[in-house]
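What follows is a group of structures, each given as structure tokens.
Common to both upcoming complexes is chain A, partnered first by chain B, then by chain C.
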Partner chain A sequence: MSIDGQSVNGPEAPAASRAASSAHAVRRAVVVGGNRIPFARTGGAYTKSSNQDMLTAALDGLIARFGLQDERIGEVAAGAVLKHSRDFNLTREAVLGSALSAETPAYDLQQACATGLETVLGLANKIKLGQIDSAIAGGVDSASDAPIAVSEGLREVLLDLSRAKTLPQRLQILARLRPKDLAPDAPNTGEPRTGLSMGEHQALTTAQWKITREAQDELAYNSHRNLAAAYDAGFFDDLLTPYRGLTRDSNLRADTSLDKLASLKPVFGRNLGSQATMTAGNSTPLTDGASTVLLASEEWADQHDLPKLATILDGVAAAVDFVHGKDGLLMAPAFAVPRLLARNGLTLDDIDYFEIHEAFAGTVLSTLAAWEDEEFGRTRLGLEGAFGKVDRSRLNVNGSSLAAGHPFAATGGRIVASLAKMLHEKGAPDGRPALGLISICAAGGQGVVALLEAQ
Partner chain B sequence: MTDTYTRMVSKGLGRDVAKKLGLPQPALLRRHEPGQPLVNGPLLVVGSSAGADALAADLLAWDLDVRRHAVPREKLGGIVLVLDDLEKPGDLEEPVLRAAPSLRDLAPNGRVLTVSRVPDGGTPAAAAARQGVDGLLRSLAKELRAGATGNGILLADGVSATAPGALGALGFFLSARSAFVDGQFVRVGSSDGRLPDDVDTPLAGKVAVVTGAARGIGAAIARTLHRDGATVVAVDIPAAGDHLAEVANDVRGTALQLDISREDAGARIIDHAVGRHGRLDIVVHNAGITRDKLLVNMDHTRWSSVIDVNIAAQLRINDVLLASEHFRSSPRIVSVASTSGIAGNRGQTNYAASKGGVMGMVRATAPLLARHGGSINAVAPGFIETEMTARIPFATREIARRLNSLQQGGRPQDVAEAIAFLASDAAGGISGEVLRVCGQNMVGA
Partner chain C sequence: MSSAQPIILGEMPSLSKLYVNAAAAAARRRILGSHNSTALPLVSHEVRGVLADVGNLTAYQHLLGESASDVLPAGFIHALAFPVAMSVMNRDDFPLPLLGMIHLRNVVEHRSALRFADPMDITAWTENLRAHRAGTQLDIVAEVRGAGEGTVHWRGVSTYLAKGVYLPGIDKAAAAAQPAAFKAPDPTGLWQLGVDAGRAYAAVSGDFNPIHLSVLSAKALGLRRSIAHGMYLASRALADVGSAKGEAFRWEVSFEAPVFLPARVALDISTVQTDGAAWLRSDYVAWSPRSGRKHFSGSVVAL
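Let's look at the complex of A and B:
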């Protein structure tokens, strides 16, 4: 037990075998498959596509792949981080525009970059409890078609105007307008409580954990190389449907090199001087895209002659106090993963594939460094020593966000579908089903992690 | 889909002007819609053989208005000339000339059919008479107007005029499904096959795989097979996945993003069809590419990619199908060939070689499928109005489109109808054949 409440073992869950965890007291929720559209760099192929367009396209591709036309799915949940106010019912509208039965209910969910993974976990829980038999989880984001709000001053004037009854009243209200009120209010990734952008936050964490520029560039290089190889091997043939002329993620640079990455100038943490290591090459770009995952009970999958790739075993959400600088903004998974593994009686060595979302190369490497750190293990995780070491040959083996891009809410679905396929192909190498771990950091100092098992 | 010129000259002032100037007057062709009558009026069955009588009786049983003698000035939906007992060329005259005056009474989009025997058997005199039907029918088809077509059924020795394959072909040729098939013969080689329980859904219960299904002719094939009752697996390369998903959702089937030139394509097609839909009955090899270049300028990539996708991939997939226990219940393979492979086309040596290859493959594979009651055939489209042909320069396109007996281009649906027929149980007795869907193109027989 640790002194600050971030302990691995919650009061409700002593380290026990997985068989004793809640995930097995109920029926299984399996990943049938997934579909996403290629991710596009902002201002590229999807500039004119709305969140609803992209989510509908991703849904229709999933429906075509699994023959779900006119099917009444138990529930569809998806979300977007950057959302227009008109999209209050985004997911339901996308369902109505798709080939699914119009009797399929849907809801929107929003948990920053963890949105996609949280839709998977929430729906999987409903399936496990028997509330629904099938579900589609998803997420979408467009930084190109981002909502732009009017300034707070103009908004107040407009609302007051709508309530005014007489012309003099209206003129009086209009007179309150100042030129600065006319400037639009574009969304940004800054943290409201610190004023720092996500990149600047990570730059602090990266420096704190002494992550080198070379290590970050190498991680970015591997991401591109692994993703390109996966495309060439046809890995995405049944995970992706082209959209608007794109057949691959437009951020992917199959021909990038360590030299090229080394030549880029730092863009975050420039005030750190020589410790400034984060470039456009080892940070994810703003991206547009959508992803979906088909989940089901085993019975439903069997009845529909559909594959069962992997089981959603368990998930944990965590948060850190980044506001007071106790932990880095994106470090919540460093706490969530130890809790998740402990309550399932597992260690890092038991995991066959690690999918650690590459918000920044520095995020992944800081997390790994924290886990390898004795001090962090003892004082923050309440362990005897370091939490453990991730076998790098099992990390993001088919590329991750640095190469694919990161349309915030769509990343969870991308990772779940890919990992489920990898686990299914791996099967049960030593007589026990292969295990996969997903870790996604999110704005607000949050993180959601999940454990999947090969079917 | 009907070209502007055809629309312009099919009525009113345009029609009168075109007639005065002697310009081509393509007709608006009648196309199949579920529930419509088989033919546009009574059917005149000419011929005095036992086969003619049996055929007339079967057609009566289809609730058709069958005449054995022409009623003067009565508009006819079709004329069936049963010539299955010809002994010598002189035998042609009586039935042919008896039917001749009735050609005047043929309704627009009417049908003329001959039913005769394959010319490769019998005495020299019988062979001459049988082969004579070929020249007769092809010439007659060129004389027909107003969307009327002429086609022939060739019966192998020992196959009766009322064999399922013969009746199936008769139904296809009489119907609007054969709108753009003109001047063609189909051989019925055996008495295999079975007529459908419901003529509107002849493919009910079948699972069909269509390659190259994302657009054009492939998409039309998927839609037509679905309309006829089949569950469709739509296959195309991953890069065409968006259009493929649209087609798959339209036909309530599944999309399989797969490059058919991959080594494991056959296995993946079988796995998907059997895994998701429980069986595999029909495979339509439609996927194909063109990489046109005069032979003098041809390079390795252009040549080999066309050969690999258009014929080598089909051969590889067929090998897997033939070896599979899942493709044993009256299986059907239909390949898309091309009139380029028959008549040749400047700039298409590679493409024509691949499509010629398809026809050779079909002929040689037929005996291999026969042991499981299966069949394999090819359909050779002529000028079809697609996105691809829309890119041909205007003058060339206009000439290509008018140079056939129907003086217009066909539609993707026309090719699809022929494929749906050959994929049906009724076509069981037809195998190793190439059926042209070209409006009797003047080029290349």
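Let's look at the complex of A and C:
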């Protein structure tokens, strides 16, 4: 059956609507695989590439890998944090520019650095409910090709001009222009309500949790070492498509050392009166890049003879009241993870792989410190004591954002695809499927975390 | 309400005329010698049926970081009432030189919400002339009622110092005890104030006091650079306290070192809640991250 030439045989639609009415019958959403382009430091290989260029490149690599040419995917969702106003339909435009069927619908989503992970969770839920059978989640960001806005003064004059009807009115409006109105407004990383940059916020949190410079440098060192080892082992061969001459993330310093990291000068927290420990080495640099993840129902994956790497089990979004310093800006995952694990009857000891996004080394270490803190566990999490300890040998084992870089909205897709592959390889070590946890902090005091299980 | 004799003004006084008049009065005093009045005028000035301009309100809200709601921010009402207050201090029988007076402290009781379409009656008078270790201080009180209503929705008390002016009959105050040394806490916010911060506030408040407008106009009045308007700083701190404060609150600010523009101002806001997480009060303090000097501090407390 078809309407306007589009098949209306939405696979197993009647069964799925029944399934949705019963929590037990909700079907699984699996990660089939992922594709990203290497991440590039700002001002590097992707300087002239737009968000749409990079998202389309990542999408086309995914299509090629899984044979999705002309396929009508259930839905594509992606987003960018730094977005031009002309990119209002960024994802749909990327789909139209890709080899997917032009009948594939798409929507944009924005939740700061959690954008990519939230697209995965939202689409996985649609698959679980039987609303769609396949989906592509993703994200892209360019700090090189960032939008620059005209000043408020010029913007108001231009808008008023467009409403003016007569020449005298237009002249009167133009006369309001002042030389300073011609200076553009560049985006900045300051939190709108505090005026502090993300780094300055994290510097406060890092000091509050007494995280040392050495511990931060060690985490950064491990990130580079682990990512380099993963590249050398060929781990990214089926997760990445070269782009603009890059075959690896350009921020990766395989030869970095603790001595080199220790020689860097602090960049955040110098004006805050606290001891400054955060350097360009233990903070993520501004980066350009894009990532995508293919999600599906088990039936769709089987019908298309595609792998099933991991199941998206559950996800939690949380937020903290950071504005007046009750909690650190990037500490929402410290609350989200305990909620996620509790409702799934799990503890930190049950997790085989932890993927804690390295916005700053201090972010990861402050989160771990909060979980190990008795008082935080009692007074803030409502537990009897500390939440628990993360086995560091299970943390970011193939590197994370400190080494790979962090094109804001693209980080979620990078992590989901890598973790799904790691879980699939791990299989069922003790007779139960391996579990992976993702934690991503975001601007505005937000955090999104997710639980994946090996297939 | 004051016991003072009310004088109804036919229209809102023009601040620019008041400043010109104050400058002329200052010149006259310089030539003709000191003023003969040593007591505050026993009158209040009142303007009836005042309406806020909605465009101006929106510009004010955007500048201060308030969302553009229909409720008038407490600092905006202060700006609305300010010309009435100025007109009292501009009277010939006002005993102190108006230009150069220093704003020491401001206390506002915001008892209930006023909306932009509500016409208001605004009354102002001076009271409590008293000694200060550095001169003479007084309070200027403004009250705002809904037009024709008896209930006061907003009441502000601004304390000003006429530095170096000692009036006969008012004993010199004892030197105040040395204030405790200020140690800056970790900030919760950082403001970047451009050199035009004074002009921007003048545009939305109507208060074109030359000390806030430009380096040149400030130098003409003996300052090395222009300074941020105290009510701009206090109103921004009030906006930063956020929506937790609800509709009825007491808002207080004490000014210390002036903020010379341009400047970075660090701010700490700490909030006290009940056990049930209901908001009780927020205390704020602002300082220079460069010198560590305290600029101002204050509180917003539930009424």
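Note that in this section the second predicted complex is superposed on the first by the 427 of 455 C-alpha atoms of A that agree within 3 Å, B and C clash if a C-alpha of one lies under 4 Å from a C-alpha of the other, contacts with A are read in each partner's own complex, and residues count from 1 in each chain.
FYI, a contact is a pair of C-beta atoms (placed from the backbone, for glycine too) under 8 Å apart; a residue touches a chain by one contact, two chains touch by 3 or more.
This one's a predicted model, so the numbers in the text were calculated from it and none came from an experiment.
When both complexes are superposed on chain A, chain B and chain C fit side by side without a clash. Contacts of A:179 after superposition: neither chain B nor chain C is touched. In the overlay built on the shared chain, the residue A:64 is in contact with chain B alone; chain C does not reach it. Ranking chain B and chain C by residues of chain A touched puts B first. Once chain A of one complex is fitted onto chain A of the other, the partner contacts of A:431 are absent, as it touches neither chain B nor chain C. When the two structures are aligned on the shared chain, A:168 is found in touch with neither chain B nor chain C. Once you line the two complexes up on chain A, you'll see the smallest CA to CA distance from chain B to chain C is 45 Å. Comparing the two complexes, no residue of chain A contacts chain B in one case and chain C in the other. Partner chain C is touched in their complex by these residues of chain A: 180, 193-196, 200, 204, 207-208, 271-274, 323-326. Chain C contributes residues 65, 184, 186-192, 196, 240, 242, 264, 266, 268-271, 282, 289 to its touches with chain A in the complex. On the chain A side of its complex with chain B, the touching residues are 57, 60-61, 63-67, 69-70, 99, 234, 236-238, 240-243, 247, 305-307.
Across the complex, chain A is touched by residues 234, 238-242, 244-246, 248-249, 252-255, 257-259, 262, 275-278 of chain B.
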